[in-house]
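Presented below are the structures under discussion, each in the form of structure tokens.
You will see two complexes here that share chain A, one where it goes with chain B and one where it goes with chain C.
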Partner chain A sequence: MAYKPQYYPGNTSVAKNRRKHMAGDLEKMRDISDEDLTAILGHRAPGSDFPSTHPPLAEMGEPDCPVREVVEPTPGAAAGDRMRYVQFADSMYNAPAVPYWRSYHAAINYRGVDPGTLSGRQVNEMRERDLEEFSKDVCQTEITDWGLAGMRGCTVHGHSLRLQEDGTMFDMLDRRRLEGGVMVMDKDQVGVPIDRKVNLGKPMTESEAAKRTTFYRIDNVSFRSDKEVIEHVQRVWELRTKYGFVPKA
Partner chain B sequence: MVRTATVTDRLKNVRIFPQRLLQPETAEKLLNELDQVKGVVRMLISGKNLPRKITCGPGTGKDVNHPDRIIIHVSGCAFELHVIVGEVLVEVENESVVDELKKACERALPFPFEMKRGYFIKSKPTLTDYGKYGFKSKTDETINLEDERLLGLIDPHAKVEPNLCMIKAEGL
Partner chain C sequence: MADPRFKKAMETKYAKEWGSNKCGGQAKNKITDKKTKYLRLGYTQNPRKVEMAKCGAAITKKRGLQAYDPKLHLAGIPMGQRQLTPYTISGTDIVCDGDDLHFVNNAAMQQEWDDIRRTCVVGLDLAHETLEKRLGKEVTPETINYYLEVLNHAMPGAAIVQEHMVETHPALVDDCYVKVFTGDDTLQDEIDKQFVINIDNEFPDNQAKQIKATVGKTSWQAVHIPTIVTRTEDGPGTSRWMAMQVGMTFISAYHMCAGEAAVGELAFTAKHAGLVEMGDMIPARRARGPNEPGGLSFGHMADIVQTSRKTP
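So, the complex of A and B:
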């Protein structure tokens, strides 16, 4: 039997969703075209070439290095792309992703990524064409619900606020909003207007979001209700404490 | 004899905290309903800022044009919302007004809300207020304000005009 990693303990829906996110086993929820995605990322004009920061690796004549021989460069690194970022904010009102799980998802399933985890937002840096591939996966799958999450390069405020009346997360720069039952975005991630309205699909209903979330919440699935998770967390903390205690050092 | 400080009777405040951030239409409806209640002295709305322009990042200086930053009318007085309304603090003359406030909120809000009684609006002038308004005279060291109900309604550093709405000014 092939080895199947178990990323996270627990039997509740939240624990199962956390495992799914870490394993990259995500359901596709919507279609976003390459051009639309490039437009909302805002790093280059849709249809333009990828600007580069160095010549392609094949032309550079790399030095002899066993590590370079073993590690195959990502397409972005091989082409010499710029480093660029994408950042998301997720509402604590049952958004599908917790910032930490976005980082786990990126670090486990993609190469050449530098995830940054903060309390209410999560940023990933990588080479530009790798970033676009990664962002497309993230934007189209269940890890992002555009009603309860937002692509926000700056002014990320919203994670810990009450939701708006229409059930979406507050966005100070009004980058995306609910129009005619679907989420539309007409600015890039830093709030600069773009030349199109990108359709981001329907937001999840309240009950669907509660099913797909990775947030433990007392009014949905509480952390304390999952005994296996508690046991695991307590074990990790116990071992961390014991291994940190070295009297002779 | 020199009067040394402004002394005001403290009136009870009520904090109305809706479950959701209010759209301008709901906020307008709520404020109008609250204004109809007899015994309301002043109201203070607060919430998250809706900036006119982007203030940080590569888009700095670009217009935001947030659809919730619009002009609303409360008892015939028009003012522009600068925030998405998250809570309303209401100062009332006495405790008996609270039940009426609750009924007004139930009429205006289509979702649950919390009400708390206490003291939330500043009632005594602080050093910054004295710095802004000064004393009345050399012998009267109370704050140089005609109507002390203005205290606590706006930041002492902010301009009065876009932030304060005087309703029924002739009756004050």
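So, the complex of A and C:
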């Protein structure tokens, strides 16, 4: 039988969702076109070539290096793309992704990614074309609910703020909002207006978000309700504390 | 049981109007709400921000060079897209704007910073032992009183045993003083009241009892050098300034020889052996010596903060 990693313990819906995110086993929820995605990322004009910071690796003549022989460059690295970023803020009111889980998801399932985890937001940096491929996955799948999450390069506050009356997460720059039952975005990540209204699909209902979230919350699935998780976390902390401590040695 | 203070603070912050933020009015918030009405009232909802904007505009006009203007925030989107809410200072009922808690705007924070940097505690017992055992001098409550009198003259930067010295102007250094504290009631009674920090008077009974039991029969000087000195020097300068003046005062008060070896012992006591600084040295990459607020552990900071003493 092929080895199947179990990324996270527990039997609650939150624990199961956490495993799904880590395994990259994400349900597609909506379609966002390549051009729309490029527009909201705001790194280059839709339809333009990828700018580069160095010639393609094949033309550069790389030094003789066994590691370079073993590791195949990502398409973006091979082409010499710029490093670019995508950052999401996720509401603590049952957004699908906890910042840490965005990092786990990116680091486990994608190559050439530099994840940065913060308390209420998470940024991933990679070569531009790799970034677009990655962003498409996270924008279209259940890891992102555009009502409770937002693609935000700056002015990111929202994670711990109360939701707006319409149930969506507050955005000071009003980059994306609920219009006619769907989320639309008419500014890029850093709030610069774009030439289109990108349809990001329907936000999740409250009950659906509660079902798909990776947040433990006392008013939904509480952390302490999952015995296996508690045991695991306590074991990890115990081992970390004792690590390397051998009194008899 | 009374409502927890935290709950009250949160209600003040989120469920009552502050300035014209309409927090408790139009937005009708309860602290348990998960949703709210975002009114996007901008900075004018907050009187302090309005005052700052007016002041910034006046400075711009006066100096002919751009100063503070809240409309420059985010290319024209001013702060205040959510309610600008106040803060309750813990342990008190004081409610204030966030801006008032910026250390640049807050005189109390600056005073606290200064007080930490300009303060050190130095023991008297080692010095007294040196005087008695090594030099055969008599140390009595009278000599201690005289010593403290001289020290409060000298500590601000005055000369004692030297001639033709420059000195600091007393009006610039009137915040400088030295007082002593001890857990020994008999000794305390014999020292001039002006020089004593009476633990019983300064702390609630239970805290005073604990402190006195810990201090016991030992006696200590709480030294506060002039603020103006520590603002020009750095944290570690405090103990050096103190040790210089303590050394000179011992020489004068106990009629010592200025060059005798025991002076070195007293200097060592003041600079190292009997010295308690407020903070440790900060990691070298931040390049600050001891006695800076950054080197103060949170536990000590919690002791220094006076809330539990003033409002037990």
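The working rule: the second predicted complex is superposed on the first by the 243 of 249 C-alpha atoms of A that agree within 3 Å, B and C clash if a C-alpha of one lies under 4 Å from a C-alpha of the other, contacts with A are read in each partner's own complex, and residues count from 1 in each chain.
Assume a residue touches a chain if its C-beta (ideal position, glycine included) is under 8 Å from a C-beta of that chain, and two chains touch if they have at least 3 such contacts.
Since the structure is predicted, the reported quantities are computational estimates derived from the model, not experimental observations.
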| item | value |
| --- | --- |
| Clash or fit, chain B versus chain C on superposed chain A | clash |
| Between chain B and chain C, more extensive residue contact with chain A | B |
| Chain B versus chain C as contact partner of A:Pro193, first or second or both or neither | first |
| Partner chain(s) touched by A:Arg177 [first = chain B, second = chain C, both, neither] | first |
| Contacts of A:Leu161 with chain B and chain C, given as first, second, both or neither | both |
| Touched partner set for A:Pro9, first chain B, second chain C, both or neither | neither |
| Contacts of A:Tyr93 with chain B and chain C, given as first, second, both or neither | second |
| Touched partner set for A:Gly153, first chain B, second chain C, both or neither | first |
| Chain B/chain C common contact set on chain A | 155, 157, 161-165, 170, 172-173, 191 |
| Interfacial residue positions of chain A with respect to chain C in the complex | 93, 155, 157, 161-165, 167, 170, 172-173, 191 |
| Partner chain B, residues of chain A touching it in the complex | 42, 153-155, 157, 161-166, 170, 172-174, 177, 188, 190-193 |
| Interface residues, chain B side, partner chain A - complex | 18-23, 26, 48-51, 54-59, 62, 64-67, 84, 86, 111 |
| Interfacial residue positions of chain C with respect to chain A in the complex | 29, 33-38, 74, 77, 81-82 |
